[in-house]
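Since the structure comes first, as structure tokens, the remarks are kept for the end.
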Amino acid sequence: MPSIGSLVRRPEVGSLIGMIAVLVFFSIFGGANFMSAGGSASWLNVASELGIIALPVGLLMIAGHLDLSVGSMIPASSMTIAIISGHYDLPIIVGILAALSLGLAVGFISGVLVIRTKVPSFVVTLATLFALAGLTLGLSIILSGSTSVALKSGPVAKLVFGDYLGGKFQVTLFWWIAIVLIVGFILNFSRFGNWILAMGGDAVSARNAGIPTDRVTIALFMSSGLCAAFVGMSQAILYNSAQVAAGQSFIFNSIIAVVIGGVLLTGGYGSVVGIVLGTLTFAIVNQGIFYTGFDANWASLIIGVLLLAAVLMNNTFRTMALTYSPRAKPRARS
Amino acid sequence: AMADGAKIFVIGGKADDPFWSKVKKGADDAGKVAELTGGSVTWLGPQNYDNLGPDAAKLIRTALSQKPSAIVGPDWVPEAMDDAFKEVVAAGVPLIIYNSGGMDAAKRLGAMNYVGNEEYAAGLGGGEYFGSHGAKNVLCVNTLPGSTNTEDRCKGIADAIAKSGGKSTQLPLPSSSFGNPTAVAEAIKAAVLKDNTLDGLITISAGDANSAANAISQANVGDKVKLASFDMDETGLQRIKDGTQMFSIDQQPYLQGYLAVSLLNGFVNYGLDLPTKPVLTGPGIVDAANVEATLAGAAAGAR
Amino acid sequence: MTTPLLRLTGINKSFGPIDVLHDISLEVNRGEVLCLLGDNGAGKSTLIKILSGVHKPTSGRMEMDGKSVEFGSPRDASDHGIATVHQFGGTFPLMSIGRSFFVGAEPTRRWGPLTIYDRKRANEIAVTEMRQLGITRIDDGDRLVGGLSGGERQALAIARAVHFGASVLILDEPTAALGVKEAAHVLRIVLQARRKGIAVIFITHNVVHALTVGDHFAVLIRGSKAADFRKGEKSREAITDLMAGGEQMAELEAEIERFSATNDGHAPRDGEHP
Amino acid sequence: MTTPLLRLTGINKSFGPIDVLHDISLEVNRGEVLCLLGDNGAGKSTLIKILSGVHKPTSGRMEMDGKSVEFGSPRDASDHGIATVHQFGGTFPLMSIGRSFFVGAEPTRRWGPLTIYDRKRANEIAVTEMRQLGITRIDDGDRLVGGLSGGERQALAIARAVHFGASVLILDEPTAALGVKEAAHVLRIVLQARRKGIAVIFITHNVVHALTVGDHFAVLIRGSKAADFRKGEKSREAITDLMAGGEQMAELEAEIERFSATNDGHAPRDGEHP
Amino acid sequence: MPSIGSLVRRPEVGSLIGMIAVLVFFSIFGGANFMSAGGSASWLNVASELGIIALPVGLLMIAGHLDLSVGSMIPASSMTIAIISGHYDLPIIVGILAALSLGLAVGFISGVLVIRTKVPSFVVTLATLFALAGLTLGLSIILSGSTSVALKSGPVAKLVFGDYLGGKFQVTLFWWIAIVLIVGFILNFSRFGNWILAMGGDAVSARNAGIPTDRVTIALFMSSGLCAAFVGMSQAILYNSAQVAAGQSFIFNSIIAVVIGGVLLTGGYGSVVGIVLGTLTFAIVNQGIFYTGFDANWASLIIGVLLLAAVLMNNTFRTMALTYSPRAKPRARS
């Protein structure tokens, strides 16, 4: 029996209000183009790539972990497919599988390091971030002699991973939707999802309650490695080339999207709907500014202020959800 | 108010990049003319260079979705960006390629014209200047290794020096040094101390040249290692004037933005088209001979 | 006598250089409450963590129903029917009561081709089990645990263990933070479990609670088993001394009495404190 | 009668929409122990958090020595001579015993022109005060708190409060996690403090502990003061019922007794549980 | 009575061993240049600037907070001095004071936001990082029309803030030493230091114990703002120019240095000696590679691996310190 009262207490409401606010704002200042098919494609495409990474990063955050290594996972996987299927001309499927396997492998290593060493994942993945960036640069130069490699992929690979539908919408959009559904199912309807929430709430109690926390942790890191590798791989196919660059933008952007989406930085709380809304909000702000007459110089300022506003709003709604008591009486314990 | 004038979209570099801020200033200044006839100029730049090709392709599509009158864009990573440019042309929107790609790219894509020079050509120009002034071993300091444009600059240097019988190596700095002038300076100093046959040194940006100047004076090799830089700022020009820097490679970024926008504004409003193709803005060399005039422009933020 | 449900033989446990448990042997029978007593730091929690699969013993042997067992993880232990309420934690503030109750053992149902978490059933069971413990204020399993009082949370953890305690129920100081009524409910639940034939291991520092429910007592002093006796075999004073780590409490109690008596009002009756 | 050391009049406290305390009036006298009793969630901790400057009351008046006071922060309260051991926490696992003991009130000494933290003195005092509480194993104030057992940590927090409790000492369930001996030491310390003329506020769920030290009892039920009486004015059974939130414990106790009696051994003597 | 046993249990030992290891490594592979005056200056100069920022960032981390905003504080303060004293030609002292005041102001804002909103400082300072970067860019363009401004400073300013002693050692080295002494005094010998440790251990208990946690938090954020501003300001004087795009690498570098130095990421534990050692270790690795024959492409890889190794070693020594019991008996409670 969902009433308005109980809806308002849904933690996602904060993120929803935020997204609607920026959407209305940019619809007004961005003119008709912003909401046209082409305009929507512009922020949806950005959202789809960020969103594919934000989802597993969000799950990790709910489970109490961070993954900074996605920042170098993307160039590492693009370079992998470009070197294998571009430089060495092997079939594209080999490159795709190699890139995705690399993602799984890096995630596996991060996960094992986190559970074995008990070092905070922030530090562990900071180390893998640097190590992987160094490896990508060094190996690319050794193998291909260059830091930028071209990749020609056949029509099938293009269609599946790197094409525009209607000339505008990247196919990654559909991948994103698929992953949203999968992750949403996992978090809300599967036992695994309950384990993730419990681990973020209290890792020791979760282990004591019989949750195989080690396996869950490794699985989560592998999924974030896989998704980052997927984005890198599909970018290489879409743009017919790959470059080495030690990227920091996806690191913070994915965290920002997830936090705007109402996930608690310290773990134990969050929702897939929220992450999707946070990703959309971030993408709208990031791209919307180009549709307005504002000077793009102020983009960072707007993102910073937005982040703070979003987090404050989420906090309010989370507190509401926490103090929710089914009796409408004013006294707590009546 | 913006209904009838030319709505011109300019795709360019990062907003806080000193080089691109000059291009933007040129575009904005030309935009003032466009505004007089009810037009507008909108600048679209990526937030960083991590993902240059894909990000720029997205910006082109972002521009196209706003029903522009004309688009200006650099062809940094043709593999990644050409499809997007072709969509622009297919949609009947006038296009000028600028800054990188060259006339080849403009022809291939069906663009009206090309304004600017190429990173590689600029590198060649610098390499030739070094060669003709007797440098045999030049270090190219790359603080953004892995980015196509900076790699091209260093490659141009190396290829040109090789022709005059010298050699050039690249010094790639890790991302943990980026934006930290001291880390850059000390790394350069180390490289200079390690290889005492070095006689030339060039940095990929004007800011790095400030670090390199400190490195050279610390290592006490100022009379042996000649300093040069891609692009320039007031501090660098001052060094050229004082004789502690040999030259800067100038591609007149202000003109790239200014000319490209002006050309398109004229075309959209009045059907004007220039027979000169391509319109080259560089590479020019700023050295002791022409530094005074350049300084004046730099003070105004145009050079 | 029949084989004990759980038998420990010669259990040792060290954390690096620190020896915490020393050669513990113990038997736990069906339908009996074993009270594990001992001073702070005696090793009680460590011992039950071994029983619940949290720690592995450094050496020693564990048997269930006469068969040797080894628990690699808490999950192994719960698969053997051992349910534990640990001394601290055990609930998840930002999860719903239903989810928190079933963490690690979620009920599922079919939904088309998929197996999904059965929220409705989980909530119902959780609320019902909480009622059993005298927590009648809670009627909505979707409420977040963070909104409960400390005592209510403790009750949730106990309700969970009771629900899953197929053959052994371990409670580590479950009544420490509870009010008198809630504590009484817990004692009642322990006795109910015993009646159902479940073996209960009950840790407490409260002599009265121990005497109320215990059939069988084991006392740890500095990691070694100092005593092991059945109900009625020792006096309350002897038990109190053992719980205090083997020291004579009489002197301390006399001192307290002296202080207490200096004021007006009557001193507490003999043998009831502390 | 003389003016009470501490007088609360009409204290209310709400957290947002939730009313936790309702019109509480209370007096605390020098050289007396006030036992604050009540069910889980009755509001005891909230009330003493107001006294110790952690929370501000929503409305109401606080007086010390007849003068109206307001505490903006815990520091204000301790500047007024109020020292508190809160229910949870209070120690710092990765700090040394000496530093942890003196957190917020570090002893200093001159060192040339500078005033520096006096490590040696801090360690000495901390170790001495712990001894007073019966913790004799600890003789090095540089040891980290994280290496102590739960009971030892609780003792450290209590020792600290005793040391700084110039005029009022507040203890929120100090004995909950303690073994019988340590608990007895705490009771002794409380009585010693009372003898020194300090006013003590003591929260507990343990009837025996309450009766041992209390001169004066206040019972909270659902945030309101339900009773306020002196030692000897009420029977133990009545007090137990009040502590249980005003419900009749007799029935529950009888049930427990029934369960307990079905086994061999003797049931606990009347009136002692839970 | 310091014995070898008690020395080994000092938590700084891990960091010390780490530093000695990299020093020996690079002395062997870096040749004579590396240990020469010029070579030492090379890593000492880098260490001094990083160290000035790492110290307050380390104090913050000990108190349980992170400050990511240092990354844009550095360019903000260099641009401030360059615009005021370079572009507008006001006296250099005005620029210096303005730059330092800006640092204090930004720190104050971060601190107030953290204590008022109770949002994790990671998120708050991520927001200030973006907001300040946007402000710096936007205002620089408005005020000076450029993102890179030249600055000529007089001999006194140069001597005090931006010069090389013996032609090699930056004066920031002496500032660093001074700040090390001050911060070391604060952490080890002052009451304030005890408060910082306590806050990181348990913020609620610390407040309950009478520590003015709000004021301490604000003071710490202001000191990290001030120190970052100091580095930005002295870099502008040293390099005669300021750029908007700078400083981002300090975000992770300062965290890495502090964590290598044995400070616990989650707060409550750390030492000034450790932070100094961590800073030196990081600087040696970051610069040492240029003295070796190795390909500089591998620098990131080495930094990543080093970080992980250092943290593991620190964990070991921290555990040793925790289980330290003055009696040498094997039983814990005898």
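By written order: A, B, C, D and E. Residues from 1 in each chain.
Quick note on the criterion: a residue touches a chain if its C-beta (ideal position, glycine included) is under 8 Å from a C-beta of that chain, and two chains touch if they have at least 3 such contacts.
The chain list, named the UniProt way, goes like this: A, E = Xylose transport system permease protein XylH; C, D = Sugar ABC transporter ATP-binding protein.
Remember, predicted model here, so these are calculated numbers, not experimental data.
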Taking each chain's centre as the mean of its CA atoms, which one is farthest from the centre of chain A?
D
Interface with most residue-pair contacts lies between C-D
Using Cα averages as centroids, what's the distance between chain B and chain E in whole Å?
34
Averaging only over C-alpha atoms, locate the centres of chain A and chain D and give their separation in whole Å.
48
Centre-to-centre distance between chain C and chain A (centres being mean Cα positions), rounded to whole Å
42
By the touch rule stated above, which residues of chain C touch at least two different other chains?
41, 149
Two or more other chains are touched by the chain E residues 133, 137, 141, 248, 252, 297, 299-300, 303, 323, 325, 333
Can you pull out the residues of chain B that are in contact with at least two other chains?
15, 145, 172, 174-176
Where on chain A is chain C touching in the complex?
185, 188-191, 193-195, 197-198, 200-202, 204-212, 264, 268-269, 321-326, 333
Quick one: in the complex, what on chain A touches chain E?
113, 117-120, 122-124, 126-135, 137-138, 141, 246, 248, 252, 255-256, 259, 265-266, 295, 297-305, 307-308, 311-312, 315
Contact set on chain D toward chain E in their complex:
52, 54, 73-75, 77-78, 84, 86, 89-95, 99-100, 102-106, 108, 111, 114-117, 137, 139-140, 143-144, 146-147, 149
Parts of chain D lying in touch with chain C, wherever the complex brings them together:
38-42, 87, 134, 149-152, 173, 175-185, 187-188, 191-192, 194-195, 205-209, 211-213, 215, 230-232, 240, 243-245, 247, 249, 252-253, 255-256, 259-260, 262-268, 272-274
Of chain A, residues touching chain B in the complex
31, 33, 36-39, 41-42, 45-46, 74-75, 130, 133-134, 137, 140, 146-148, 150-151, 167-168, 235, 238-241, 243-250, 286-287, 290-291, 293, 295-297, 299-300
